[in-house]
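These are the structures, in structure tokens.
Shared between the two complexes below is chain A, which pairs with chain B and chain C, respectively.
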Partner chain A sequence: MSRAEPVAAPPARAFALLGSELSVLFRRRRTWAMLAALALVPILVGIAVRIRSSSNGPAFLAAISDNGLFVSFTGLTVSIPLFLPLTIGVVAGDTIAGEASLGTLRYLLVAPTGRVRLLLVKYAGAAVFALAAPLVVLLAGVGIGALLFPIGPVTLLSGNTVGIDGFAVRALLLAAYVAVSLLGLSAIGLFVSTLTTVPVGAMAATIVLAAAAQILDTLPQLDWLHPWLFSHYWFGFADLLRDPIAWDSFGQNALLQLGYIAFFGGLAYGRFATKDILS
Partner chain B sequence: MTAAEAAIRTTGLTKEFGRQKAVDGLDLEVPRGAIFGFLGPNGSGKTTTIRMILGLASATRGDIALLGEPMPSALRSVLPRVGALVEGPAFYPFLSGAANLRRLDAADPPSSSRTRSARVTAALDRVGLRHAAGKKVTAYSLGMKQRLGIANALLAPRDLLVLDEPTNGLDPQGTREVRTLIRSLAEEGTTVFVSSHLLTEIEQLCTHVAVMSAGRLVAQGTLDELREVGRSEVRVETPDTAEAVEVLGRLGLVPVAGASGVTAELDGKLLPERVTAALVEAGVRVRGIAVEHQTLEERFVALTGEGFDVAG
Partner chain C sequence: MNKVSRWLPAAIPAAVIAAAALGVPAFGSAAGARLPEKSADEVLALIAGSSATRFSGTVEQSSDLGLPELPKSARGYSSGADSTSAVLELLTADHTAQVFVDGAERERVQVLDDLAERDLYRNGSDVWIYDSKQRAAHHVVLPEGSGAAPQLSATPAELAEKLLAAVDPTTEVDVATGSVAGRPVYELVLTPKSDDTLVGSVTVSVDSDTGLPLEVAVTARGQSTDAVRVGFTSIDFSAPPADTFTFTPSADTRVTEEELPSGPPEGYAAPDLPSPTVTGAGWDTVVALPVDVLGSAGSSSALLAQLTTPVAEGRALQTSLVSVLFTADGRLLAGAVPVEALEAAAR
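Our next item is the complex of A and B:
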């Protein structure tokens, strides 16, 4: 009852584990709870602006009450420093440590999932979440904005005006920018996750690092360090809201995040490839 | 026996945790087709050995050949042919039993997604979980999880099954089912390597046995070999106890007279039929004679010590 020698897995099978990973990730109640919490951010922004729109507030409040589509941008901006890193910390910190604490890691490895393949699939799962999270914020923002306020053509930072379709393109670009921004943090979370079998510890460490990087980025004494911090370009998406689009910050950000992916991905590989799985 | 014939062969396998040797110079040889019982008290290194055999932990020293191929270097080609239950089952509590199996099956690169559902259903059927397939694993009982763990090992046809305490937490029916299952798998040609504490279980099931104690292998062989090495006792039922004592004494035994007969420990070389012949020749009225082998449990305790404390 032996079976044929396994040959290199055809592509469909190579992606089976990724499909399974995504379905496990998005079938967890925790994932949906986090996405729902993120959706709540623009909703609260919209409601708050609606309630106090009569009084004179900051300029962006006036912009929102003029055009509901701005709720989405505002919601995203508000989510970037804390809520998004928080959810990324949970997902990325859970990648390996979560499997280890459940004990499923040993069954995945004897299935056998190669350790490199498992790391890649886990990272891909976190990356998909990093894209889903800002998309949810933007979509919820558009929804609540349309519900509470008039919507119409959007005036960009450069003064030009784009229609709804132009806005949709910009919004998608923005989501992509934020997703790319979070890839470095995801790689850090993946590495931390290979160090422990306690997922909460890996999540907390990742979140703390996200906060620390942002604090360091505000200290003028450390300005030599700033361009190397993974959070440095997190708010650099304004260039995408000009016409023509300036891609500089997108490129710099992507390059920096790639560096983090390579470095922490390498560390994660170094740690995980030979690690004794004793949980 | 050549390396290719052994399902598992380790040479000098050692695992150190700091200064503690959890496994110490293990030379294990599991022949193909065997139902191999792996015995040992708590903390004697059974699970650690299994982890090394499956490539989960690296050996400090020593070599492992699994189905004739070196581990862990041939891990990718060997492990698809091996089904395993290591240190209890582990599943995603928020997924159903069937979804858990599909997930672990997707992690096995050569397994085909076309046959996945059918194989999952068949595996669940085989362990009697058909009706709980859609239930979330959080809602499973201990024994149901154990059964699901065994089902996971059976997702594809395997050449070797490595089962770490498979009957842990099972009800008597479940235990019997697992025993029957293991036998039928062995009949199909699968080698089964099973660790357990339940000696009666092993005694009923296994063809071969190895015994661990504090990281070392203290015995290995067929079940009969292991039993024969152990002490056996001849019990003679007779009213002529004095004469019987004398005859047995002449044969070099150390007889003990009881109320209804005599007992004496047999050493390995003296055959029971010679004892009978000598007794009859001397005119001892033999009403019954029996040779009793040590039970596996007695043998086990003799090999691994009486103490209850875990060697640590």
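Our next item is the complex of A and C:
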């Protein structure tokens, strides 16, 4: 088996592979449809508040009518439990199983790329999508908020205000936090994707796991388990909207996601390294 | 490559995570082993002579009072202002706060809620209280030279003072060593001599270096986990940045200017407040108030019916530390004793 390992290919080739993977991913109509659906979330929130303002609902909703920039935060809060894991499940579940179902996996492995390199490139593609998805939500929120409502300095959770430039920095940090939060789920999706040649099955399994983790996180009887669930810190992004920023959850979240990446990445390797590629 | 070794990349992180999860607590408890022995008096003197006037840290509060735990409502959604569920949340849920102190006149407490925050700012005579859910701020100007500020939640130092004031012949005091927030501490363990109270022991953990109380934990009799615990999980003894203590309300914040009562604090007590009857002493104290809870709430209060159980004298609320009895003849009895003791006091 060790002979199937890659003969250290020049890094340029790996970047070429990553480039082609990204261009395939972001040229797909499905990817654009998912990003458009994510952009629709803050747009609908903004329109709904414009028509009829309400104080009960997702966090930051009450602040929208005073400051349109809050549409982006509300959009992110609404997307995190369902829409973002859904799209990540589709992208990560498709990584290996999609190629297998199309019959293109063996051609990819004929080229001297090696299976490890292919896994890494596939995972990197999913990670780039995990960063693009929250960015789209935030940008669409800022756009629709600026269109429908007055915008101005943003009141943080601590009551102090930051200007537009401070808001931009915090928004980028938020996107990074959410992207890191989704890396663990992406790793699970990658592993599930190596188990099957039916991409829909891998996607569904990943999404179901994301929902199950969040349900377990609400049960007080299982509180010993909560810090180990990959979804536990998903809402910790609010700690970046405090003044001073509470970095604890950022570090804990990154460490937790790193554990998931190492474990499920290892499982994916164990499964994929010796798998018979029949299609 | 054989069948086993291909799983190594998955097995190694799993082993490292398991080792870290099991090994870290054991490492933490070993840190306090090398402290010189001190008597209870010396530990109290250490607290009194505490040199820590500036620090910042994270404080965690957890309660396990034996009340039914409620599943969290969907996170990030506010369910309107419901005071009873807020009280229940305070009793059953855990809270995290960041505390910043710089001298006696500059304080900041940041209570970190899910997607929300409550804040206390004190900068000299200016005190601001901010609630992000209400987007409302309260502003108080303290008179010059006033010492203690109103607090959102008790810091360990404050709780320790209150508890140590209660040390009297009813209590046994021991000293142990341990570790809190990665720092070696002396643990002042207060154990009631009475057998009738629900309180098992009260532990005050004092930083061995600065004398700052870092943690207060109360255990209930017959319960393995702490009933109430307030303590630092991390602490840093350098001066916090000055802008931590300043607050400027934004244009869309509702600001309420509060007036401090000009008279002495004793005049604060409303004249029609019923005076309590106290029976028993020390840990077994039972306080009785002529408040007709059952009569005023009636049978309509579903929450009261859910939390309390019917007993011969009325309805009783039993937590692992405190019992409350609402009698049918319009009295409220409370104490850190079992319900049976309250019933005996009610007769």
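To be clear about the criterion, the second predicted complex is superposed on the first by the 261 of 279 C-alpha atoms of A that agree within 3 Å, B and C clash if a C-alpha of one lies under 4 Å from a C-alpha of the other, contacts with A are read in each partner's own complex, and residues count from 1 in each chain.
Everything below uses one rule, namely that a contact is a pair of C-beta atoms (placed from the backbone, for glycine too) under 8 Å apart; a residue touches a chain by one contact, two chains touch by 3 or more.
Note that the coordinates shown come from a computational prediction; the quantities given were computed from them, not determined experimentally.
Once the two complexes are laid over each other on the shared chain, residue contacts for A:Gly103 go to chain B alone; chain C is not touched. By the touch criterion stated above, A:Ser20 is placed in contact with chain B alone, chain C being left untouched. In the superposed three-chain model, the partner touching more residues of chain A is C, compared with the other of chain B and chain C. Once the two complexes are overlaid on the shared chain, A:Asn160 sits against chain C while remaining clear of chain B.
Residue contacts after overlaying the shared chain place A:Thr274 against chain B and chain C alike. Of the residues of chain A, those at positions 1-2, 274 touch chain B in one of the two structures and chain C in the other. The touching residues of chain A, counted against chain C in their complex, run 1-2, 55-60, 62-63, 66-67, 77, 81, 152-153, 155, 157-161, 218-221, 235, 238-239, 242, 244, 246, 248, 259, 262-267, 269-270, 273-274.
Residues of chain C touching chain A in their complex: 1, 3, 6-14, 16-17, 58, 69-72, 74-80, 92, 98, 110, 112, 114-117, 119, 128, 130, 132, 135, 137, 234, 241, 244, 247-253. Residues 51, 54-58, 75-77, 79-82, 84, 86-95, 99, 102-113, 152, 156-159, 188-190 of chain B are the ones that touch chain A when the two sit in their complex.
Interface residues of chain A, counted against chain B in their complex, comprise 1-3, 5-7, 9, 12-14, 16-17, 19-20, 24, 27-29, 102-104, 106-114, 274, 276-278.
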